[in-house]
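Below are two complexes that have subunit A in common, paired first with subunit B and then with subunit C.
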Partner chain A sequence: MEFVLQIILNSIVLGTQILFLAISLFLIKAVSKIEHVSLGAIGVAVAYMFYLGQTLHVGVWFSVLLSLLAATLLGLLSYFLLEKFCKNNQILLALLVSLSFGIGIESVIALVFKSGAKNIIDGVLPIMSFAGITITLPGLYTLILGVLLVIITYVIVKKTPAGRILRSISENQSLVATLGVNQKRVRKMVYIISSIIAGMVGILLAMNTSLTPTLGFTYIMIAFIALFVGGPTDIRGTIVASYIIILIPEFLINFAPANMQFTSSYRMFFIFVIACIVLSIKPRGIFSKTVRQT
Partner chain B sequence: MGYFYTIFARFLASLGQGVGGQVSFSMAGIFLLSLPVCFSFSAYTMAILHKKFAVVLWVSIAIALFLTMILGALFSYIYTKVSKDSFTVLCLGSILAFDAFVRSFDSLTGGVLGISGILRPESIRTLPALVQFSFLVLTVILVAHYLVLKSPMGRKIRAFKEHPVALQAFGVSQKSVISFVIIGGSLLSGISGLLEVFRIQFLDPSFGGIPNLIVLVSISILALKPKVKAVLLASVLVVFLPELISFLDFPSALLGHLRVLLYSVLLIVLIYTISGKSQFQKREI
Partner chain C sequence: MLILSSCLFAVCLFLTGCMHTTKEGVSNSDKSVKIGVLLPLSGGASSYGEEMMMVLKHKNAMLKNPAELHFEDSKCTASDAVSGFQKLVDLKSVDAILGGFCSSETLAIEPLLEQNNLVAISGTSSSPEIEGKSQNMMTLSYSDNVIAEAMAKHLAGSKNIAIITEQNDYNIALKNSLENLLGDKIIANEVFEKDAKDMRNIIEKVKQSSPDVLILNPNIGDTTTTLITQLAESKDYFKNIKLVSQETYVADSSRVGVEDLVEGMVLFAAPTLSDSRVDSFIASLPSSVDNLGVFYSATAHDALENLVRAVQDSRLNNTLVLDELRNGPLSGLVVKGKDFAGKNFVQGIEAGKFVVTKGKAVSQK
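Let's turn to the complex of A and B:
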């Protein structure tokens, strides 16, 4: 029983990290319809800035400030790169530009910091135990921040004027423009906020594992799959799918029959298969709804 | 001389994949980002059949290409079922999924250590012979590509990108065009994968993957016009231009990252340059 609970807890922690990224992707897709693939690389770059601050012994708060600055700059840079394609509605070209931008960021990180793994926390990770199950301190931070982020995002998107503007832009950009809403400013803010959230994920991930230049790509692809499996138009779907696509492979890996032992490296393969099956049956996602096409 | 043979062999392999990419990206508007998976899949299948199951080499090659076409048919089925955005993301995800599968199934694929000592067929055992063989294969591919471009199928593929509904109204099945493009592109990637693995004679999970995708997309975007000359020139530019950095005095450990950085910057510049051109803007109807 404790083993099952441990698997579930680990899946919830990882699912929450994926949820952070999926929410960032959801927000960007809502305002610009673009799949911003380079968010993973941006998150890793921010984590490297945090690592740099720690290495230079400038204190945690200065490292956080450095990371925030990196996230803001990269968010702005990605906005300027992708805005043209958003205006011309060239979504797939924007995906390619975003992909190239992300790969470029990873190459720069590899050139500056080298490809070897880096550790933000040296030595053994601090852990907490209760009822026979353990959780690392970064994992606990992830859960707390995850709950806060979900509540804040849900309230903002569903209940506030800013959320209504966000949803309006995703449905009908022309009409929103005639109402005097500065869409460029909204998109800029969303890109920056998403980059900051991605950076937060990068730092939390790097605390739990080792930091490498290519760490972000796998997680951003899982987040994308969560977004599409859940339905890119409804944040509830994103939240649910982020956990489902982590829980199911974890159970398959840990509870497979003895003659079919799967290692954890099969996770991405199972996630891909689940996505293909779900999207073949429900192409718009589990919680999809039809939005007005303009 | 060996260096030039190596570069030329890489150019020919990239050209084969570039033809598939041109047909799918530029002509049909299908962002088939799973071509690197087919590139790796055919190489791994051939190597596993020959080395693990002692199948005759040419038979292994034929089976590998056939199975790659089956994989292409699977992607073609997925394309008809999901939205374009989802398909593009699934294609990117397939690269990671295949990498995860290859690393995990180490009893068959060798895991992270890969498969070494892949022998070339007897008749193309030396590098110059391999280059000549590759040249012959690519000549056939380019002639076939030219014929397809001039044929009704070529017009159907271009029409599919411009106005798929009108194409259907003329009685042409969209699924047939999609299948032709995706399966054909997968087959060409598979052939390129085999040529490349015979050149390096070694396979590991990093074979193909994202760097291969960047090169492929760069060629496809650059080869905007549906002409054989366009894909030839695009492949020359994309393969030979980054080789200039090899002649600069950089540590070898950094050259790989510099090359990838150069490709990503090149691709961004290319997309910015051509995004205003008519081929990537939908006709207003």
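Let's turn to the complex of A and C:
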């Protein structure tokens, strides 16, 4: 039983890391219809800024400030890069530009910091134990912040005027424009907030494992799949799908009969199979909703 | 007049031909040998690649006729090795290849060697899959089968054995050899993705199988430290389990912060070299080779020495580089007097055994 619970807990931590990025993708998709896949690289760049602060021994708070500054700058840069594509509704081109931007960020990181792994916390991570189940301290922080992020995002998107503006932009940009909403300002804010969320998960990931320039790529790919599996128009879909696409493969790898010989190297294969099955049955995702095209 | 002109023209043509031949003959034997080197200069194995680059540059400077060394970053991946190989052949027109570094690189470039009429010597690749491939491909390392056999011999009295392997040509080849040798004794056999970051679920699965012995089989680079550090999160469990591994944990830097866990860990890797020439070469290096180690620094030395000599000899004697390497005894620090005996691996190198004692990998005679 302990084994089962341990696997579930580890998978939930991993799912929460995906959730952070999926929510960032969701927010940007909602206001600009763009899949901003360079968020993975942005998260890693922010984590490197935190690492830089730590290695310069400037204190945790200054490192956080440095990271926030990097996230804000990269968020603004993303906005200026992608805004014209959003205006012209050139979504595919925007995806390409975003991907190039991400690769560019990774290359700069590799040039500045070299490609070897860096550790924000050196040595063995501190562990919390409860009834035979263990979790690393950064893993615990990930869970707590993940729960807070879900609650805050859900409440903002569903229950506040700001959320109503967000949803209305995602559903009908032309109509919102006639109501005098400054969409550019909203988008700018969303890009910055998404970059900060991606930066948070970058730091948490780096704390829980190690930091490399390409760390964000696999995670953003999984988050991208989660966004579409859940349905990019409903925040609930993003939340649920982030956990589904992690938990199902982990269950298959760890609890399938031994003669099937599923190992961790099958994880991405299972994730893509899940995406294929779900999207072939529900092309708009699990929480699909018909959106009026403008 | 016409006959005279024709004769003069013919004499001119003859003389021009002679001059051209003489010039080409001289320039061909005199021009420096171009060696293309494939090394991981970025990515997880870059520290090994950088050290090997330093060793090769140092050895090259010691040669009577230094070669032109052209380095390409192969990143320890098949695709990068192939693109690096193409650059070396197409843009630099190299005479021979030193590499690949990782077995995946070596296996990837192997089909291209005969097409391009080139030979390659690796100083480090050890996957048994290299054996039986093109004769143009040679390695001065021992085969992983040698390591697997030494491990199996060491574990002859053990039952319940678990293996954690990285999905990578070198590691998979070693795992396959171990499967053949250990058979039913293996109760858990986990493979994780190349460059994986979170191995905690794999570790839990291994714990669930209650092994007596755990063989750690990650590739060199970042996953080595990630795996051992995450294993140390369950230190209380694993301190009662015999840990066995290969080359990747010989470097002291791969075990920093987990000294309690790895105390007594048994490692099967490159043999220790006790030769004054090796000691003097290592001492002459401008910086240390903590990651690459003495054995592979020496095989890098030997690979370069033999390749350059074979290319120069082939020019002087108008023979094939391949024949020079295949037929004559080799020279160098490790492979002096040894040969390939028709195989892809140099013959006569045995595995070394080390035990981690007080944070150091101590060689066992």
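Here are a few things to note about the model shown:
We adopt the following convention: the second predicted complex is superposed on the first by the 294 of 294 C-alpha atoms of A that agree within 3 Å, B and C clash if a C-alpha of one lies under 4 Å from a C-alpha of the other, contacts with A are read in each partner's own complex, and residues count from 1 in each chain.
Operating definition for what follows: a contact is a pair of C-beta atoms (placed from the backbone, for glycine too) under 8 Å apart; a residue touches a chain by one contact, two chains touch by 3 or more.
Just so you know, these numbers come straight off a predicted model, no measurement behind them.
Superposition note: with subunit A as the common reference, subunit B and subunit C are in steric clash. Of the two partner chains, neither subunit B nor subunit C is touched by A:Thr55.
Contacts of A:Thr134 after superposition: subunit C is touched, whereas subunit B is not reached.
By the touch criterion defined above, A:Ala110 lies against subunit B and subunit C together after alignment on the C-alpha atoms of chain A. In the overlay built on the shared chain, the residue A:Thr160 is in contact with neither subunit B nor subunit C. In the superposed model, A:Asn182 lies in contact with neither subunit B nor subunit C. When the two structures are aligned on the shared chain, A:Leu81 is found in touch with subunit B, with no touch to subunit C.
Of the two partner chains placed by superposition, subunit B and subunit C are both touched by A:Ser265.
Touched residues of subunit A were counted for both subunit B and subunit C, and B has more of them. Once chain A of one complex is fitted onto chain A of the other, the partner contacts of A:Ser100 are limited to subunit B, with no touch recorded for subunit C.
Only one segment of subunit C in 109-117, 181-189 or 235-243 runs into subunit B in the superposed model, and that segment is 109-117. 110, 115, 263, 265, 267-268 are the residues of subunit A that lie in the contact sets of both subunit B and subunit C, per the superposition on chain A.
Of all residues in subunit A, those touching subunit B in their complex are 35, 37, 81, 84-85, 88, 90-93, 95-97, 99-101, 103-104, 106-108, 110-111, 115, 217-218, 221, 224-225, 228, 232, 262-263, 265-269, 271-273, 275-276, 279-280, 283-284. Contact residues of subunit B toward subunit A in the complex are 31, 78, 81-86, 88-90, 92-94, 96-97, 99-101, 103-104, 210, 214, 217, 221, 254, 257-258, 260-261, 263-265, 267-268, 271-272, 275, 280-281.
The touching residues of subunit A, counted against subunit C in their complex, run 3, 6-7, 10-11, 14, 110, 114-117, 122-125, 127, 134, 136, 205, 208-210, 212, 215, 250, 253-254, 261, 263-265, 267-268. Contact residues of subunit C toward subunit A in the complex are 42-44, 46-47, 167, 189-193, 195-202, 204-205, 207-208, 222, 225-226, 229, 232-235, 256-258.
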